[in-house]
Amino acid sequence: MSNGEEATQEGVVNLGFARIDSARRGRCGHPEVIFGEGKTVEEIARIARVIHDKEGYVLVTRLSSQQAAGLEPLLTGAVYHARARCLLLGMPPQKKPSLPIGLLCAGTSDLPVAEEAAVTLEAFGRHVVRYHDIGVAGLHRLLGEIESIRACGVLIVVAGMEGALPSVVAGLVDLPVIAVPTSVGYGASFGGLAALLGMLNSCANGVSVTNIDNGFGAACAADAILRVAERVSQ
Amino acid sequence: MSNGEEATQEGVVNLGFARIDSARRGRCGHPEVIFGEGKTVEEIARIARVIHDKEGYVLVTRLSSQQAAGLEPLLTGAVYHARARCLLLGMPPQKKPSLPIGLLCAGTSDLPVAEEAAVTLEAFGRHVVRYHDIGVAGLHRLLGEIESIRACGVLIVVAGMEGALPSVVAGLVDLPVIAVPTSVGYGASFGGLAALLGMLNSCANGVSVTNIDNGFGAACAADAILRVAERVSQ
Amino acid sequence: MSNGEEATQEGVVNLGFARIDSARRGRCGHPEVIFGEGKTVEEIARIARVIHDKEGYVLVTRLSSQQAAGLEPLLTGAVYHARARCLLLGMPPQKKPSLPIGLLCAGTSDLPVAEEAAVTLEAFGRHVVRYHDIGVAGLHRLLGEIESIRACGVLIVVAGMEGALPSVVAGLVDLPVIAVPTSVGYGASFGGLAALLGMLNSCANGVSVTNIDNGFGAACAADAILRVAERVSQ
Amino acid sequence: MSNGEEATQEGVVNLGFARIDSARRGRCGHPEVIFGEGKTVEEIARIARVIHDKEGYVLVTRLSSQQAAGLEPLLTGAVYHARARCLLLGMPPQKKPSLPIGLLCAGTSDLPVAEEAAVTLEAFGRHVVRYHDIGVAGLHRLLGEIESIRACGVLIVVAGMEGALPSVVAGLVDLPVIAVPTSVGYGASFGGLAALLGMLNSCANGVSVTNIDNGFGAACAADAILRVAERVSQ
Amino acid sequence: MSNGEEATQEGVVNLGFARIDSARRGRCGHPEVIFGEGKTVEEIARIARVIHDKEGYVLVTRLSSQQAAGLEPLLTGAVYHARARCLLLGMPPQKKPSLPIGLLCAGTSDLPVAEEAAVTLEAFGRHVVRYHDIGVAGLHRLLGEIESIRACGVLIVVAGMEGALPSVVAGLVDLPVIAVPTSVGYGASFGGLAALLGMLNSCANGVSVTNIDNGFGAACAADAILRVAERVSQ
Amino acid sequence: MSNGEEATQEGVVNLGFARIDSARRGRCGHPEVIFGEGKTVEEIARIARVIHDKEGYVLVTRLSSQQAAGLEPLLTGAVYHARARCLLLGMPPQKKPSLPIGLLCAGTSDLPVAEEAAVTLEAFGRHVVRYHDIGVAGLHRLLGEIESIRACGVLIVVAGMEGALPSVVAGLVDLPVIAVPTSVGYGASFGGLAALLGMLNSCANGVSVTNIDNGFGAACAADAILRVAERVSQ
Amino acid sequence: MSNGEEATQEGVVNLGFARIDSARRGRCGHPEVIFGEGKTVEEIARIARVIHDKEGYVLVTRLSSQQAAGLEPLLTGAVYHARARCLLLGMPPQKKPSLPIGLLCAGTSDLPVAEEAAVTLEAFGRHVVRYHDIGVAGLHRLLGEIESIRACGVLIVVAGMEGALPSVVAGLVDLPVIAVPTSVGYGASFGGLAALLGMLNSCANGVSVTNIDNGFGAACAADAILRVAERVSQ
Amino acid sequence: MSNGEEATQEGVVNLGFARIDSARRGRCGHPEVIFGEGKTVEEIARIARVIHDKEGYVLVTRLSSQQAAGLEPLLTGAVYHARARCLLLGMPPQKKPSLPIGLLCAGTSDLPVAEEAAVTLEAFGRHVVRYHDIGVAGLHRLLGEIESIRACGVLIVVAGMEGALPSVVAGLVDLPVIAVPTSVGYGASFGGLAALLGMLNSCANGVSVTNIDNGFGAACAADAILRVAERVSQ
C-alpha cells in the first residue's frame, strides 16, 4: 500500500488519504455519505467528485459554513443547507412513492438536527412530513396532529432537554419510532446526555435511539425500514 | 464536649453519638426525622425515644426490614410500613384540613418511593390522594384523572425510567410540581440518573426535583408549600 | 380517585396499585407487557390475570426465578423461560408468516439478553432465526452466515464488551439493524456503558440502539418494523 | 401539516417552524416564554410578536447580547437585561400584592443566574427581595438577615461551587426552598455538577432543585407556590 | 526476585507475596499500616507479625468482621474495632502531648468513617476530641461548640450527603481543615461523589480533601500537620 | 443457521449456543480462551471439550469458585487456580525459551489480577518473573530490583488506587510496559476508574493500557510482543 | 435588605451586589480574596477598594488578562501576575520567618497553577521554594532535590496528566503534602479528572487534595498548617 | 534550589522553569520530547535548544499553528507538520532497518492523530506503512490489505466513533495491536470516551490502548516493541 497515489482494489477507490467504498450502494442501499468534520476542504472535494462521478450525486454532512464557503469554487452546483449543515451535489435518483416519514421536532431550537434528517431523507428520495415544535409541554399540539402522524410509515422524533416526546408519541401510535436526542438545554443536559438517557429508558415500546444530534443516522434507519416494507410489497 | 455521656446545650440533646436538634420543630415546622441507614438498632432506639418523649411521635425513614425487626422489642407500639421502609411511633398532632396533595406514580414498580412520600405526609397530618400507575405510555390514564388532579394544592410526581411524567403533568396544570426520580429501570437508567436528568431538564415550567428515590424529601417540600398557603390564608 | 378498590375509566382497568391500559393493543399493536422488577408476586398475578382474561395471553419480563417460583401457584399453566427471565401465560394469536427476524449474538455470555428478545418475539408470533456467538474476534463466523442473514427482514444484534458487532453487520447488509448493548465485560465496560456508547457511535448506517440488556425493547422495535412492512404489502 | 404557512388548530398558532401554545396561560398560569438559544433572530421575532399581540407582553430567556442586538430593530420597545440575558417586550399585568420572594445568592459571580430569576419574577408581577453575596464562608452575613428572610413566602437560593447555601438556609427557616446550582467554580465543579449534586443531597428538609443555571425555572416554581397560597386565601 | 521464600534487601522484608517497607517509619514518621481488603487472612497475619515484631504494634484497616474472626486465632491479643473496621495489635509508643485533633462528624450514619480516623489517630498516640452529629441542618449544634473547636490544632470534618459541613466550619476557624466525604446518602450521592465534589469546591479557605470514606487518610494528614508543629516548637 | 444441533463451516465448530473459532490459533497465535462469566457450567464444559480435543489444552478465565466446583465432575483433570479465577485443562505445548516477562504488582491486594496474567502466560508457555508489592509508596523496593527488571523482555505492571506504578517504571526502563489497572481502592477509585485514567495519562513513554482487572488481556499483549521478537530473530 | 445602596451590619460591608466579610481576617487569619471569574470589572474594583482600604492590600484570583486590562485605570498601583492570573494591590504585612513551603511542579505546563499558589503565598508573607518540572518520568530529578525538599515545613505538589507525583513524594518525606491536580493532559485527562482521582487514591499517607487547578486553595491550606506550627511554638 | 538561573545535577539541565532530563535516552531509548500545550514559545525554544545541542534533534508535539509561527524565528530550520501538530528540528540518527509499523486509520477525519504517530515514528527512525480510511463500515477495504498488514511487525490502529477497528484487526492477525481512540464523532462520543471504552473492552486478544488522540504515545509503545525484537535478534 502506498502513501498518496491512486490505487485499485475491487470495490475501493484509493486516494491515499481516503479509500472510497464504491460498493456501498450495492451492499447497503446507498452510496457513501461524507462526514465533513475534521476533513480539509480539499479532501472533501476530492472524495465528493469521485462519488458524484460514479453515483450522480453526493451528500456531505456536518459541514460548517466556513467549509461550505471553501468548497463553493471546488464543487460548482452544490447546494449548502445551512441549518442542516449539509451539502448536496447532483440529483439523487427518483424513487417510486412509499409511505411518508413523519419528522417530529419538540422545539424550534431542535430544528438543525431535524433538518439534517430531512435533507438526508430527501437526498434518499423520501417524502418527509414535518411536525415542528410539538413538545410535551403543550400536549394538545401533538394530539391535534395525531391522526396525520398515524398515517406515516415510520417516525423520527427529535427532542432535547428531557427528551420525553418519543415516549409520549410511541404510546399513541402503532409505528416504529426512531428517537434523536439533541444537545439543546440548560446545564444538566450535559450536551444531550439527559435526552439520550431519557430516550434509551423510554417506558413505551418500539423506540430505538441514535446518537446525540445525529439526524443523519435517524434518516438512514428510517430509510432502511421503508426499504424492508418495499421489499415485502414487491 | 464529651464522648458518650449526655450533655446539655440549648436546643440540643446530646447523646454523645448523636446530638438531637430539639429546636427543629420551632425553627423548621417539624421535629427531626431519623434517617435509618448506617445506624445501629440501638442508636435508632435511643434517638427515637428522646424525640417521641418530647414531640409525641417520631418517624424513621430508610429502615430495612431487618432493622425494623430489631427495633420491635425496643420501641413497642411502633408501626413499620414495609413498602415505604418507614417506621412511625406515636401519633402526630391533628392539622386542620388544607388542600390535598396529589401523589402521582408512573408505574407500580415505583410504589416504594411513592409510599415513603405518603407515609411521611400522613405523619405530617396531610391528606394525600394517590394516582398510581399513570405513566405516559398510556396517556389516557392521566388525562382521565386530570380534573381531579387539578383540584389538588400541590403535586408530587414519582417516576423511574425516562422520568417523563412530571413534564407532561406540569404542562397540564397550574400547580407546583415536585418531581421524584426513582432507580427503577433497565441498564442505562444508571440507578435513576436517567430519570433525574430528565426531570431537571423538564421543558415544562414549575417543576423542581428531589434526590433519586427520595420520597421523604418530596413530602417535606410539598408540606412546606402548604404551610405557606396556610400562613397566607390566616 | 380511590386507594385500592377497582374503578372504571374507558381504556383502563384500575386496580388501585395499577391502572391496566386495556386500550394498548388497539393503539400500539400489542397488549401491555408486565415489567416484573420491583413488583410483588401478588401484584404481578393480579395484573396478569386481568390482561390474560382480556387478551388470551400475557407476558412478564424481568422476572427473577424467586418471583417465578412464587407465581407458579397463582398463575397455573404459565411457562417460565429462566434464561430470558420471562414468563408467558396463555397462547398469543397466530400471525400469517412474514420475513424472519435475524437475532445475532456476539458471545455465549450475551444469551440471556438475546433470549429475552427471542421469547418476546415468539410471544408476538414472529419467526426468529438465531445466530449465536458470532462476534468480531472471529469474523469468518459472521461472513460464513452472511447470505442467510441478508435474507431476514430486520436484524437484532446483541453484544457486550466493545459492542462492535452491529457496526460490522450494518456495513454488510441492506437492512434495519437494532443494536442491544449488554452488561457483559471486564471492569471498564461499566455495566454496559462501553457497548452502549460504541453502538450509538456506530460508523455504519441504519443502526439504532436500545437500552442496556433490553432485549424486550429490541423485540418491540423489530416487530414494529415488520408491521409497517405488512401494512404496505396489504 | 405543511411546511411554513400559518395554520389553525385550537389553542395553537402554527408558524410552521413553531407552534405557539396560545392556551398556555389558561392552563398553566402564564403565557409561553421563549427560550432563545438555538433560534434565529427572525424566528424569535416572529414568535414574540404573536405572543405579545395576544398577551400584552412576552419574555425571552437565554438570549445572547448578539441576538439581542439583532432583535432591537425587529422588536421596538423591548428591554434587554444583559446580566440576566433576558428580553422583555411589553408590560405584564399587575398582580395584587402577595408575600415577597426571597432571592439569596451565594456569591457575586452567581448574579447572572439570580438575575434571570429576578427578571422572570418581575415579569410575573412578583415582589423580589435580593440577598446577594451571602454564602456560607461568612455565616454572619446570612445570620444577620435571617429575620428578614423568614418574612418571605418562598426562597430561591442560588449558589455555585459546593452549593451548600440551600442546606444551611433550609435548616433555619420554615419555608419552601428552591435551590439553583450555578456553573461557577474551579475545575471539579464540572460545569455546576458539584453544586447540583450537593443540593440534591441536602440534609435539610424542604429543598427542591432546578437545573444548573436555571434561574428561570426557579422563578416559575416559586411563582407556582405563591399561586397556591393565593388560591387558598381567596 | 523469586516466588515465595523470604529474601533480603535493605529496608525491605520480602515475603514473596508482600515486600514490607521496614524503613517506612524512619522516612515517613510511622510504620506501614496494612490495608485489609483483598488480602487473605493468612497474608494479613504474616505481614502483621513482621511489622509487630519490629515496631511493637501494627494497625490493619478495612478489615471485615469475617476477616477479623479469621485473624483472631492467628494474632492473639489483637483488638478489633468493629465500627471502625480496624484491628490493632500491640501498643503504640507514647507521645508527648500536643494540640488535640477535633473530629467533627455531620451525622450518626457517618460514624464508621469517623471511627476509622479516631482509631488510627489513637494508634499514632494522638488526642482526639469527638464532635458527633453536628451537621448543618441544625447550625446551633455547631455554633454551640465553636469555642471548643477553635482550641484544637487541626480539624477532621466527616460528612456524607451534600458534604457542606467543612465549608461552614472552615469559615468559622483559623485552622487547617481536612474534609472526608462519606458514601452516606440517597441515590444521587453516587457513593459519596456528591460529598466529594462538594468538599473539593468549598468556597471556604484552608480545606483539603481525602478519598471517600477514607478516615485513615485524614488521620495521616492530620498527624503530619501536628508533626510539623512539633518540629517547629522543638 | 439452526437452533441447537452441531453444524459445519470451515474454521467453526457450531454448537448452536456457541460457535467455536477453530481457526483462531492459526490466525492469532493461540486457540480460543473461554470467558467464564455469564455462561452455565454445561456450556463451559461443552466448549472446553471441543477445544481441548483439538488443541490439547484449554484455558477458562473469570470462573467463580462455584462454577469451578460444578465443572469438576465434567472436566476431570482440570486444575483451578482460585486466586486467578482461571481453570486449565491439559498441557500447553512447550515453547523454546525467550526473554522473561516481568510481572510487577503494586500491592498484595492486586494479586488476583496479577495471577490471572501469570496463569495465562504460563498456559502460553512463557517464563514469568514476579515482583510483588512493589508500589510507589516505598520506592526503594522498586529501585532495589530495577536491574533485574531491566533484564526482562516486556513488563506487565498491575496497580490499583492511583495506578502510578507504570509511570514510574516506564521512566526507568527501555522496555514496553503494559499497564493493568485494578479495582482495588477506597471510594473514589470508582471500581478502578482512577487507576485506569491514571495509566492512560501516563507522562512516561511506552505505556499502553488494558481494561480494569484484565490480567488476561495484558498477558495476551505481552505474549504477542515476544512473538514479534521471536519472528525477527528467526 | 435593599437593592444597591450601602448598608451596615457588624462584620459586613454591604455594597448591594456584594457583602464584604470584613471580619474574615479575625476569624480565619486572612482578609477576603476576590474570585475574579464571572464578576464585572466595576464590581471587582469596588470590592477591591473596600478591602484595600481596610487591610492595606487585596488579592484577586482567576482574573483574565482582559479583566486585568480593564482594572488597570481603576486600581492604580496594582500588579498583575499574568501566568498566575492574579492581581495584587498594596503590600501585605510582614511576617516573622517560618519554615519554607516547598512548591513542586511536575511539568512546565503546570506552571500557571503553581504560580497561583506562589503568588497567593507571597501575598500571605510566606517563603516559597520552587521545584519546577520534577515529574516522575525522570525520578532522578526529584531524588536529587530530596534533601532540600525534606527541609521544608509543608509541600504543595502540582501535577497534571496521571498526577502521580504526590504519591511518590509522600512516600519519601515526613511532611504534610497538599496535592493539586491540573487540567493539563491528553484527551482522557477529562479536564483534570484523571489527576484528581489519582491524587485522591494515593497509596501514600499524608496526602490531601484540592480542586483541579486550584493553586489558591492549596496555598490557603499550606498557610493554615504553618499557622498551627506558629501557634504551638509561641 | 533556586528560581530561574541554570543549575547542575547529574542527568539534569536545570533552566529554573524546566529540568531537562538529559539521561532520558540512555535510560529509556530516546531523548525527551517536548509537550507543547501550556508552554510559552520562549520556554519551548529554550528547552528545544538544549536538547537539540545535546542530541542532534528535538521533537515538539501538541504545538498549535500559532505557537509554531512564534517559534519559527527562534528555531531556524525546524519543520512544522501542521496536521500532526508536531515540529521537528534537526535530524534523528539513522537506524538499521527493522520490521515496518502498520498504521491503520479508520477514517480520514482521524488523520491528525495518525500523523502525530507517523511523524514521531519517523523521528525515531522507523519505517511506517499507512493504511488510511479502512474502517469497519466497508470491511473489504481492510480484508483487501490484510496480507500486507500481516507482514508488519506491530500495528497502530487509530479510530474514533465506536472504535471497533482494533477488535476486528486483532482478530485477523498474530501481532501486537496498539489502539488509539480519537475524539472524532457525534455527540455521545463524549470527546473520544466511546472509542476509548470500546477499545479497552475489545473482545479480541493482544490489544492495548493509549490515551484519546495520543498518537505520540502509541508511537512510543510501538517503537519499544521493535526495540525488544532488535535486542533479541542481536
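Should a chain be cited, it is by its letter among A, B, C, D, E, F, G and H, assigned in written order, with residues numbered from 1 in that chain.
In this section, a contact is a pair of C-beta atoms (placed from the backbone, for glycine too) under 8 Å apart; a residue touches a chain by one contact, two chains touch by 3 or more.
Computed from a prediction, not measured in an experiment: that's the story for all the values here.
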{"item": "Mutual neighbours - chains that touch subunit D and subunit H alike", "value": "A, G"}
{"item": "Euclidean distance of C-alpha centroids - subunit A vs subunit F, Å", "value": "42"}
{"item": "Where subunit B touches two or more other chains, by residue", "value": "107, 137-138, 170-172, 185-186, 188-190, 193, 196, 200-202, 204-205, 211-212, 217"}
{"item": "Pairs of chains in contact (touch as defined earlier), listed by label", "value": "A-B, A-C, A-D, A-H, B-C, B-D, B-E, C-F, C-H, D-E, D-G, E-F, E-G, F-G, F-H, G-H"}
{"item": "Partner subunit F, residues of subunit C touching it in the complex", "value": "107-112, 129-134, 137-138, 140-141, 144-145, 148, 184-190"}
{"item": "Complex contacts: residues of subunit C adjacent to subunit A", "value": "27-30, 33, 98-99, 153-154, 170-178, 196, 200-202, 204-212, 217-218, 220-221, 223-233"}
{"item": "Complex contact set, residues of subunit F against subunit C", "value": "1, 3, 9-12, 16-19, 21, 23-24, 35, 37-39, 43, 47, 181, 183, 191-193, 196, 211-214, 217"}
{"item": "Residue ranges of subunit B touching subunit A (in the complex, touch as defined)", "value": "106-107, 135-139, 160-164, 167-168, 170-172, 185-186, 188-190, 193-195, 197-205"}
